[in-house]
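All remarks here apply to the structure that follows.
Going by the order they are written in, the chains are A, B, C, D and E; count residues from 1 in each one.
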Amino acid sequence: MIKTLVYVPGEGIKEGVPFGNIKEFVDKDSCSIWVDLEEPTEDNFKILADIFNLHPLAIEDAKTKFNLPKIDEHVGYLFIVWHDLLGSSGLDKMETAEVDIFLGKNFFVTVHDRKMKNLDLIFDHCKQAPDFMSRGAEWVLHHLLDVMVDGDFLLVDRISNEVDELEDRIFEVPTQENLKELFLYKRQLITIRKIAAPQREIISVLLRHETFIERHAYIYFQDVADHLIRIVDSVDTARDVISGAMDIYLSNVSNRMNEVMKKLTIVATIFIPLTLITGIYGMNFKNMPELYWTYGYFIVLIVMVSFVFGVFIYFKSKRW
Amino acid sequence: MIKTLVYVPGEGIKEGVPFGNIKEFVDKDSCSIWVDLEEPTEDNFKILADIFNLHPLAIEDAKTKFNLPKIDEHVGYLFIVWHDLLGSSGLDKMETAEVDIFLGKNFFVTVHDRKMKNLDLIFDHCKQAPDFMSRGAEWVLHHLLDVMVDGDFLLVDRISNEVDELEDRIFEVPTQENLKELFLYKRQLITIRKIAAPQREIISVLLRHETFIERHAYIYFQDVADHLIRIVDSVDTARDVISGAMDIYLSNVSNRMNEVMKKLTIVATIFIPLTLITGIYGMNFKNMPELYWTYGYFIVLIVMVSFVFGVFIYFKSKRW
Amino acid sequence: MIKTLVYVPGEGIKEGVPFGNIKEFVDKDSCSIWVDLEEPTEDNFKILADIFNLHPLAIEDAKTKFNLPKIDEHVGYLFIVWHDLLGSSGLDKMETAEVDIFLGKNFFVTVHDRKMKNLDLIFDHCKQAPDFMSRGAEWVLHHLLDVMVDGDFLLVDRISNEVDELEDRIFEVPTQENLKELFLYKRQLITIRKIAAPQREIISVLLRHETFIERHAYIYFQDVADHLIRIVDSVDTARDVISGAMDIYLSNVSNRMNEVMKKLTIVATIFIPLTLITGIYGMNFKNMPELYWTYGYFIVLIVMVSFVFGVFIYFKSKRW
Amino acid sequence: MIKTLVYVPGEGIKEGVPFGNIKEFVDKDSCSIWVDLEEPTEDNFKILADIFNLHPLAIEDAKTKFNLPKIDEHVGYLFIVWHDLLGSSGLDKMETAEVDIFLGKNFFVTVHDRKMKNLDLIFDHCKQAPDFMSRGAEWVLHHLLDVMVDGDFLLVDRISNEVDELEDRIFEVPTQENLKELFLYKRQLITIRKIAAPQREIISVLLRHETFIERHAYIYFQDVADHLIRIVDSVDTARDVISGAMDIYLSNVSNRMNEVMKKLTIVATIFIPLTLITGIYGMNFKNMPELYWTYGYFIVLIVMVSFVFGVFIYFKSKRW
Amino acid sequence: MIKTLVYVPGEGIKEGVPFGNIKEFVDKDSCSIWVDLEEPTEDNFKILADIFNLHPLAIEDAKTKFNLPKIDEHVGYLFIVWHDLLGSSGLDKMETAEVDIFLGKNFFVTVHDRKMKNLDLIFDHCKQAPDFMSRGAEWVLHHLLDVMVDGDFLLVDRISNEVDELEDRIFEVPTQENLKELFLYKRQLITIRKIAAPQREIISVLLRHETFIERHAYIYFQDVADHLIRIVDSVDTARDVISGAMDIYLSNVSNRMNEVMKKLTIVATIFIPLTLITGIYGMNFKNMPELYWTYGYFIVLIVMVSFVFGVFIYFKSKRW
């Protein structure tokens, strides 16, 4: 699906200019063009390359699915791969949507495979704001990145809070389920960090290109970079919390094991010797004098009770 | 709540100048202004931006809660996010108070959400010291940072000592409670480190701005940076101690487990075979010659005692 | 085995020029030569050194088997050691094939010990494409590296997917076999990373040599470097997944051990005391009043059942 | 306690010049002054600041106890915090003595809280060597650092050897005591490393100050830095040894646990079933035909012995 | 023991020139001198310092035993500490031989405490090759380093192979002996890495000294550096293999422990309840109706067998 938006000075925003007719506006520096391609076809790519004069390798990259954000610097335009975190249902893997961006002096092309809510939002906003479009493609880019990064920030914040709560719960009663949740959050956080860290680099590279980004916009892109730094930092803090919680969990498991073993040992140390005694007097030898003593049975019972007390006192003195 | 302090050369300190009237002093370079906003309203921010001509993004940052200190360099002023460690009741999470600072050539604005004792202290001091205010906004900033960092230093020192004591205790008798305390201290130390390390960077950035910081004040800011280095170092040392203590704890747990298992094994190895013997002579077969021997019972008893000695000697020789 | 390919402007591609006759084309800058040596003999090397005027140390290196890729800069040519991942049958060690490359202004020499499918592919392509050969040796090099790196990429992708699946399986039912597979994949990934990371460096070094690589080819080599970065990144992600899966496995093992121990302790705590009771009433003392009670046996049975319930309730209340 | 030493060209060494009279020599560049303050009073500091024109912050630092060495560059002098390792009685914490040094063009001030043998040694040497004092303050500094670092070196060497021996012992018979010793050595080594690493940096900074250190002395300070590098390296090697020894210990503990468990399991697997058999024939049922067989008892004994052999062979075949 | 070798242009190699007479050749730039001192005496050092005008600190260093290679740059000569790996008998500590080298424009001095085969080899070679000596001291140095590094390379290769085999064996049957071997190899590898890594640095420093190393020799020294890189890389790979093998071993130990515990638990869960049953019917109560049932005994036997089957099915269903 192709959506186009062209700002022509004096004429305002033109929506839905046929893809093939875009070319005539490209050479007019005062125009501002946004072409959005969702699930583009091979043909679309060919026309796209033709209109904006894009390098075959850049087109190739736009067709490829990338795991990591990147920026390539071409003559006349920049090619940016950016990822939007889509969140996750519960504790599943973090899903991301990739958008490939071509940023020229007066054009802004977005290529993506799945519907992206944030992108549609900005597109609708631009439609109704000729003033905004007139400021140039870099302001549209900033707006898009800003909205996406803000969404990421909320997501990371939510995960951080849940991890904090989880840590507290593990401090109280560590269960195997808590541990699994920890691992799943960790997996999500790793995904986020892998994307947010290079995104910050991309902003730095962007700011080196005065042709595409006007001076006035610098502080705004810097602001996005700041948000990314805070995201990375929150992720790192959350991972510290997770690894601390895992240490707590593991030390707790071995402690509980210790307790279990102690109980077993106490039970065995008390009852096995007693059973031996009963075994002795359960033997059928004809000549066992004790068996014929009047109080033999009671003496044995007393001996056994004394033994239990003795072992108890022994273990108490050893602070078991 | 808004508090203002204006030093006018020749007239001394004016306290409580209405917020709206501050603007007239801003353009006079020889004046020195301190505006302190506690829990500021939206309106306050608007007036603030207007008076000191602050960038919308800086105002936006001043409204936001940050986890980490940072410094932003704007035209005409610096924006600093600083955190004061409030200590913690017992072993809870370390609490921090954030203060956002605008430092201009002749003005000093502090924005914070909760009452800050250290800040009030400096404010009261400035009120009574026109000489001090007359030296410029950077000296007020130094004074504020110095007091806060000194407080942090004492806090870290206290934690370090407690961690050292804890390590000694774990060397003696490692308990699960000691381990929990270690984790809690570690959590506090991580919080401190996260704040102190970037604060040091902030001082370095500050010293690059000759417009705002006069040469003469350099060595004093350097002194604050030195304190921060020592804080970070103390934190690192304490974390080393903690991780050493955790190693001791864990190796101790597995040792004790070993001991417990050995005891259980010794008990089982001694008593289970003996029980078998008594079981054998407890069987009811009609034809069991031993049962009719005169000394059968006593021979069995002797065999059993010999067995116990044998096992004992065996385990001794294996150094159990 | 020696294969040669010479492009002479105006005459097109000449295949199978005898090794000894190559020398006459070397000095003609407009020619383009590819010499491929498979399992070269000492003699071959001598002739090779003579034809292209190669340094003895470079020849020495071409004879040596290297574990890591490298690039050496000589006067008049570059010497490159490159490795092609051959994949692995199942989970065995990752096999690699080494190809040593001499890249001059107008010649391209490949030396290798085993048959290399990718290399033959490119060789056959060049044979039929005089236009391609005419562009220069660096384009042949790019083509070769591109094909090899693309193959590596598919390989890494396959391993990544298998590791992901393995992780899921370990989350469900961790078995010792899964763990072994993890270790084997890890070994393969380490091999890949050891090769891919320096290969990226080699591309960077290549791009510093304007004599050998024409400006126009830069973006194409950069594209290969991009692929290598993605390979390294995929490997790192897969290793993160593996180490996460190992943590899951290990925590699971200690959990299961805990469960086993608990079961053993419960069994022992319930049955050993009961056995003691039966032992007591199995003793043969003449004077044991309980034995003669009418309901003695039934009382004992009731006591034993009550005990079992008591222990059950106790363990339940402790959430075992 | 204050000790002074002044070298006046032509007059030689003057010992014990009253503290108040030192000032008259300071301005004479050809003089060479050493003032040593042990446990200085507030008054001493005031006079000191006055005589050598020291900055209040430097004086403040001289009063403070530092954990780490540092160097501050002031106008007219350098301020150095250095630590001498005092060794340790047995395995206690490593003790250090701090000496604060002011190094000017022609003066050398040492401030310390406890008696320092090494310092007294150099002081006594200087007293009797006017030639040495005449070369300048930097040579005195070098001499002092050299002696202290040499002492540290011997200390680290001794610890390294003890750690090596300990490793060998742990390889033979790992005991809990050995592990504790390891931890204690590790603690000492961490302390040493924390001090030696920044001391090396201090020498580097020193060598940047041509005003205070004459060219000719460079190689001598470099020699001290070399010693510090070797100290840091020895510490790192020793820590590697320690962490290796800890791995050995821990793997050994789990191995021994394994052995203990195996023994227990073997004992249980052999004797518990046998006890069951005796239990069966110890039951008092009237109708138990086997009991009346002539060889019933002997058959049971043979069955039991066979069982023992069977289990033995089973465990052997499993290589327990 | 002192050995000397002097090349005089036109006269060839002179062997055994008395130590005292060396000085006359030093000033002739066209001469080439090699002095080899084995276990030198104090006197030797004094004469050496005198002949080549060596700095006291360099002489001091030549007397000292170093753990790490290093290079010092003096006026007129370089001082190099190099270590030759002597291999190890079996798995003992890796032994190294230290050689201290003074490299001047036309002289080459080697000082060492133990006989060094490699050095004698080169010495003998030089004796018979006046051409070689005539090229200059740096070529002798290169030759010596090359031979020593080649030896190290073979050594590392052998260890790598043994570690690989060990890993395979641990995959099959992990034993405590295998683990010990791993630790011993690791210790050897750490020693090698500690020496090889700084040796590479030394080559880099050497190449910065155009006075001592002629341009033409650069590529040869670079070749030695390449070998050192490959040694370091092989060591790192081997250490990766070792740490992977240790993970395998440890996970295997806990798995086996798990298996042992399961076996014990199964034995206990099956036999202890059965023993209880026999205990019950072994009690001597007069009034126990079951005892008088005709088939009581057989019913109990059937119950017991059913119980065994029940537990079996239970454990099977739990996949034990």
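Keep in mind that, in the parts below, contacts are C-beta pairs under 8 Å (C-beta built on N, C-alpha and C of every residue); 3 or more make two chains touch, one makes a residue touch a chain.
Here the structure is a predicted model, which is why all the values come from computation and not from measurement.
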Superposing the Cα trace of chain A on that of its twin chain E calls for a rotation in degrees, to the nearest 5, of 145
Cα centre of chain A to Cα centre of chain C, whole Å, reads 26
Taking each chain's mean CA coordinate, chain B and chain E are separated, in whole Å, by 41
Touching two or more other chains in chain B are residues 254, 257, 261, 264, 268, 272, 275, 279, 282-284, 288
Among line, ring, star, complete and other, the chain touch graph is ring
Beginning at chain D with chain E second, the chains that make up the ring follow as D, E, C, A, B
Seen from chain A, its contact residues with chain C in the complex are 55, 57, 60, 66-68, 70, 72, 74, 176, 179-180, 183, 186-187, 190, 194, 246, 249-250, 253-254, 256-257, 260-261, 263-264, 267-268, 271-272, 274-275, 277-279, 281-284, 288, 290-297, 300-301
The answer for chain A against chain B in the complex is residues 171, 219-220, 223, 226, 230, 233-234, 237, 240-241, 244, 247-248, 251-252, 254-255, 257-258, 261-262, 264-265, 268-269, 272-273, 275-276, 279-280, 282-288
